[in-house]
Amino acid sequence: MFTRRRALLAALVWSAVSLSAGTALAQEDQLSAGDTAWIMTSTALVLLMTLPGLALFYGGLVRTKNVLSILMQCLISAGLIGVFWILVGYSLAFGDGNSIIGDLSKVGLAGITVDTLSGTIPEYVFVMFQGMFAIITPALMLGAFAERMRFGPYLAFIGIWIIVVYCPLAHQVWGGGWLADFGAIDFAGGLVVHMSSGFSALVAAIMLGKRRGYGKEPMPPHSVPLTVIGASLLWVGWFGFNAGSQLAADGTAGLAFLNTNTATAAAVLGWVGIEWMHHGKPTVLGAATAAVAGLVSITPACASVTPMGSIAVGIGASIVCYVAVTMLKPAAGYDDSLDVFGVHGVGGAWGAIATALFISETTDAGWGGQIGIQLASVAYVAVVAPLLTFIILTVLKLVFGNLTVDEEGEHVGLDISEHSESAYTGAPGAAAG
Amino acid sequence: MFTRRRALLAALVWSAVSLSAGTALAQEDQLSAGDTAWIMTSTALVLLMTLPGLALFYGGLVRTKNVLSILMQCLISAGLIGVFWILVGYSLAFGDGNSIIGDLSKVGLAGITVDTLSGTIPEYVFVMFQGMFAIITPALMLGAFAERMRFGPYLAFIGIWIIVVYCPLAHQVWGGGWLADFGAIDFAGGLVVHMSSGFSALVAAIMLGKRRGYGKEPMPPHSVPLTVIGASLLWVGWFGFNAGSQLAADGTAGLAFLNTNTATAAAVLGWVGIEWMHHGKPTVLGAATAAVAGLVSITPACASVTPMGSIAVGIGASIVCYVAVTMLKPAAGYDDSLDVFGVHGVGGAWGAIATALFISETTDAGWGGQIGIQLASVAYVAVVAPLLTFIILTVLKLVFGNLTVDEEGEHVGLDISEHSESAYTGAPGAAAG
Amino acid sequence: MFTRRRALLAALVWSAVSLSAGTALAQEDQLSAGDTAWIMTSTALVLLMTLPGLALFYGGLVRTKNVLSILMQCLISAGLIGVFWILVGYSLAFGDGNSIIGDLSKVGLAGITVDTLSGTIPEYVFVMFQGMFAIITPALMLGAFAERMRFGPYLAFIGIWIIVVYCPLAHQVWGGGWLADFGAIDFAGGLVVHMSSGFSALVAAIMLGKRRGYGKEPMPPHSVPLTVIGASLLWVGWFGFNAGSQLAADGTAGLAFLNTNTATAAAVLGWVGIEWMHHGKPTVLGAATAAVAGLVSITPACASVTPMGSIAVGIGASIVCYVAVTMLKPAAGYDDSLDVFGVHGVGGAWGAIATALFISETTDAGWGGQIGIQLASVAYVAVVAPLLTFIILTVLKLVFGNLTVDEEGEHVGLDISEHSESAYTGAPGAAAG
Amino acid sequence: MKLIEAIIKPFKLDEVRRALTAKGVEGLTVSEVKGFGRQKGHTEMYRGAEYVVDLLPKIKLEVLVRDADVEELIGAIQDAASTGKIGDGKIFVHPVADVIRIRTGERGEAAI
Amino acid sequence: MKLIEAIIKPFKLDEVRRALTAKGVEGLTVSEVKGFGRQKGHTEMYRGAEYVVDLLPKIKLEVLVRDADVEELIGAIQDAASTGKIGDGKIFVHPVADVIRIRTGERGEAAI
Amino acid sequence: MKLIEAIIKPFKLDEVRRALTAKGVEGLTVSEVKGFGRQKGHTEMYRGAEYVVDLLPKIKLEVLVRDADVEELIGAIQDAASTGKIGDGKIFVHPVADVIRIRTGERGEAAI
């Protein structure tokens, strides 16, 4: 009787242990179908952000004669980086390497099989999720030199930039590099994705010079509806970007998801309110821009602030980006065609700082200490990314001679001069009888 | 020997018990990554329904000069309600409260952390899933007063409506209120979402008056392709709306998913057939409208009917909505610009009733009894929602003086008069050289 | 003591056994919420491919006067096949039947309940996932006879084709039919979906004759941006198509996902490179076409090749499809309006063969043997599908007299002649005051 | 014969057309144009940058008419198109040397 | 000099242009217009509401020509544009007071 | 009175308009047209098929002016629109029989 009882007890304890061990294993070393499902979904959502999200957001903003060049630059980013990432990008970003950059141990995804896990998900899924980040980041920059950059130099630029700027930064923050050790918080890429592209874009805009007629004639968006579709798909896709960055389908992912939406909503409200007060009427383009600014800003912060904090992040984003886009740019006089710097650069920096400002659980560094860390990280990216971009473009200028199209090409538009195509053909001859 | 055997047996039994307890726990008290993955996905899909789904569906239907006003009203619903929901909406709808409305216990999401569960998913995920419902519902109404309502009054209207009409109804059906106790079946929101918005929209259309020229000049859609894109994204997103409402990735979610598609397909077939017989030709706009009508109708019923039953629901939807849109509206003479009442009001009511008509497993109330309950619930919403809307709009008229734009504003269109923007600029000066 | 120990041991062993049995069961016989989440997501993604993906891809390519007819044909495929699939299609494809075709045992989904599983997912989910494949396949063909086929005959055609061509092929490959036994590898439908539709489309294009003016006047796409949106959504949705075909959220799904993106990216790069060399400029339409060609080609191969192999599949696709579209078609002189044969027929065949060429783990048949099997399968589909299509269309010609619109109808366009609608109304009278 | 060319506000097109057909006009041609004149335009905004749009949408209407009908039709257009506000537009009367109906080859007044 | 203005069916544009260039015309200007005439329009439907569209798409073609060429070119247009069905359109011949080539400042026939 | 009709390159519209208003012009009408002339078009590609687009976008500008102002305004347009490259366009001067301001019924020069 006694024996049986103890045996029973032991069995129960062990059952429990083995059960919870099973659960624990599931969280650390075993594949979780639920997590995998969410990250594959997130991966698809992040591609949706570029194709067609960003392509439309930017494509609607340019004049009719340049819309295809935008779409093409987004498509080719997916094409070029999509292949590069498998060949070397992933290895450079997530190979062990040192504190600055990864190594070549995973070139061509060497050593990865369907059974290799990264946490609770297949490494293949992790590779692809990160690959979609690599695809969108250089494409973000194209808004800065839209309506003038030639296609060949663009291709060379993003191909080099991804290796020289993006992979090291991704490694430094997410791949075990020094920024992670330093304590920088950048959950889904405020530094790596948005600041890096935004600040690089500013340099590119300045180095490539203004569009002919800029400042003299209005260059209104050829299709605001396309831009709104793009902003909407960015919003939807960004849930994968941010909540997917948890790499699991759990409570933190849920918080990241909720904060993403809330900050974005707050930014839209904020911007609409500012415009209303400032100009007497709120614009749709303003609301769409605000959405992107909100999304950018909450990106680094989404897992570190409370929902109420995310409202503050979003409203802050609407203020700083509004000022950057409508006052800083005209005052400084550069032609950042579609405001990549004002939205991604400034919004990303704001988000990185706001992460510490509104942090819900202070880190070891303390509240003030974390603010310091974030500021230092922001400063680092704000210096390194543009510097490297400056060097790349200087070299490319030597190689290509001219990075922009000539006057004739700019007048007829890049669609015809670079791609021999017209976006819309409803003209005489195409009409009905 | 004997002892060992019994111990063994006991251990086995307990193992089994603990195992199944584990499973049972997993279904009730533990986070399920799979369920969480599906509900986060569903949440993204429901936002896709509003942005850009509904925005395009409605945006394509209006004239060129008003398309941006539609997009703006959808964007701002996400902005305003997105923030409101976190601040008070969720608490009013899902706080304990009484049988009519929730309470303020969860204001600002107080008390919720990343570890708080709602069933098998993080409560944050539940909050956001429900938040997307709250975002789309007021936006559904804007079709009724499209091309004339001013932006300010619209903003005030949806802000009040969500608190006064939506949150109580959501509480009464899904938050533990009286309609749930009463036995009303409304799986994904035929009553709460579609009837409430559809019947409120009718009142708004009548109170705001007709568009100038309505009934005298044709007001054809400026872009049927935009409308079809919108309808398509609504269709896709609705899987999250309906199958997500199961709050789990299981067989019932699968049934809801399959019924959603099947009823919609049946509605498209039905409408196309009716138009073909009635007018000699089926239209694309008809097919797109039918898709939405089918989606609306299956919403309350999707977990309660068999696939064959869903075909009946869908065909029924095509008949009742076709009659409402093409016969009832012209006969009654109100100007429900984009047929919100005919599609959502009538379709939602039909769906709520059809839920009982084609129910696969009779409830305690019995087949007839459930029909009675559904009819009573339909009647309740058909009275309460419009009544409250009438009061809100009456007050707003006093406050704003005029809820619609003046004649000049209506002629140039809301895009310019309310937002100082033009949707498309391909005009002289923007063209190529 | 002894007894207790043994009892304990036994209990432990059994705990372990029951635990792993539980796990094993979970993989074979129990519902996995994670897998279910992924397949529901995939199902939504596959619908996104048709609505609005394919609709826009094709819709942008035609002239303004025919865009609605394309959208309608996509919508009605979802309507008609969406209902057909539930009524009989699923049963014919996946009912036990014989080696050629299923049976009528599952007509109306008889016998399936929310508890019925198909592997680790509810059978309802499997039914719907497969249903989305059945919806897109006939819609793929419409590009071949775009801008001329009447709506009635089209409806009859796809209704018959799905029963006579699609269901048997799906059964033969995925439903336990002879092609599976034969050893053909067709993971996500290179044979069943793309070759079957591509080769059938060729026959249809030839039988329906050329568009008036074909070869004499240019018939440029009316909106390349719509086409790019469509291609982008196809790309995003295809992750569901391919990675969903694993029917689980696991490492193989991850590989399929990654290969899908990589091959597509490689195809885009390849096509852009070829055009650049061949014509001096790369086009956006080329890049979009390449994306679809890459997606088609990797479809059968995505779970059988390594990521490096997928690059080869993608580049190969860009070459064979480029040749088919730009050289074979003009040389042969048929009017496959939107290159269904060149992209889906040729790309599907290439993919099926490449599956064996670049296979990562040789099958029992050996490397060469598998190539033989794939070639034989390709030949089989290349003969059977067009033959059956020829018979169907011959009968329909007898029934309908004429499958295409008359001269007047072709001049004014199918939108007005078949559907009494215009896509865009921004014309005089609709403009602002 | 004269060609009457009227630049009118877009929302007046239907009314003008009805007025003309009421007077027996059996054919006319319209096109979308933009007009600049005394009517002040509106301001558009693009991310904070305001600019004035003073080329406003107008409809150009062309009707070929018999000399005898010119005055009556001018009157009809004017009545229908007038709102009394700036921007109502202009009517130009052009001499025409000849007119041919493509289908039949008829010439002159018979071809109107 | 005369300005020949032809309103034709859109799908005839290519043919007419070929006919004119065959006769030595080196420049012309086209625009999209809508025409109302004897040709009956079509019905469109919008959620059950039918309405008649009787402003049909047409192409307007303008060619400035030497007086001596007027008849020949009218004939060429007519031949190319005619389908024999109602709605083929009209040709108007306008007197022109002067013409200037912007690039060179040439005037009169030299500027055509 | 004369109607000056100028076919110009689209990107020159702003400049021409400024030049005209500087000379006191208070109204004009513009439309989008396509022109065929000596200026060579460009090639477009569609899945490997190349075709030449030789109807190029142009802007047509119409200004009704007093006889006395004709020469000055022609000069102003020419100066502003000229790039010296082929395709700069043409100016046609048309006689006008009459002009009416719809709003007021004014006629002739008063209505310009």
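We call the chains A, B, C, D, E and F, going by the order they appear; numbering starts again at 1 in every chain.
Methods note: a contact is a pair of C-beta atoms (placed from the backbone, for glycine too) under 8 Å apart; a residue touches a chain by one contact, two chains touch by 3 or more.
Small disclaimer: the values here were computed from a predicted structure and weren't measured.
Steps from chain B to chain E, minimised over paths through touching chains, total 1.
C-beta contact counts were set side by side for D-F and C-F; D-F has more.
Two copies of one chain, chain B and chain C, touch each other, and the residues they use overlap weakly: the shared fraction of interface numbers falls below half. Distance from the chain A centre to the chain C centre is 31 Å, each centre being the mean of its Cα atoms.
Centroids of chain A and chain E (each the mean of its C-alpha atoms) stand 52 Å apart.
Chain E has its Cα centroid 46 Å from the Cα centroid of chain C. For chain A, the set of residues touching two or more other chains reads 3-4, 7, 11, 15, 19, 32-35, 37-38, 41, 217, 220-221, 229, 279, 281, 283, 285, 411-412, 416, 420-422, 424, 427-429, 431-433.
Residue positions of chain F with contacts to 2 or more other chains are 9, 11, 14, 30-32, 34, 44-46, 50, 55, 94-95. Of all residues in chain D, only 2, 6-8, 31-38, 55, 58, 60, 74, 77-78, 81-95 touch chain F in the complex they form.
Only residues 218, 220-221, 275, 278-279, 281, 283, 285-286, 289, 322, 325-327, 330, 339 of chain B touch chain E when the two sit together in their complex. Interface residues of chain B, counted against chain D in their complex, comprise 213, 217, 411-412, 416, 420-422, 427-429.
Chain E contributes residues 3, 17, 26-31, 64, 94-103, 105, 111 to its touches with chain F in the complex. Residues 1, 3-4, 7-8, 11-12, 15-16, 19, 23, 32-35, 37-38, 41, 45, 63-65, 217, 220-225, 228-229, 231-233, 235-236, 239-240, 243, 248-255, 257-258, 261-262, 264-266, 268-269, 272, 279, 281-285, 287-288, 290-291, 306-308, 311, 408, 411-413, 416, 424 of chain C touch chain A in their complex.
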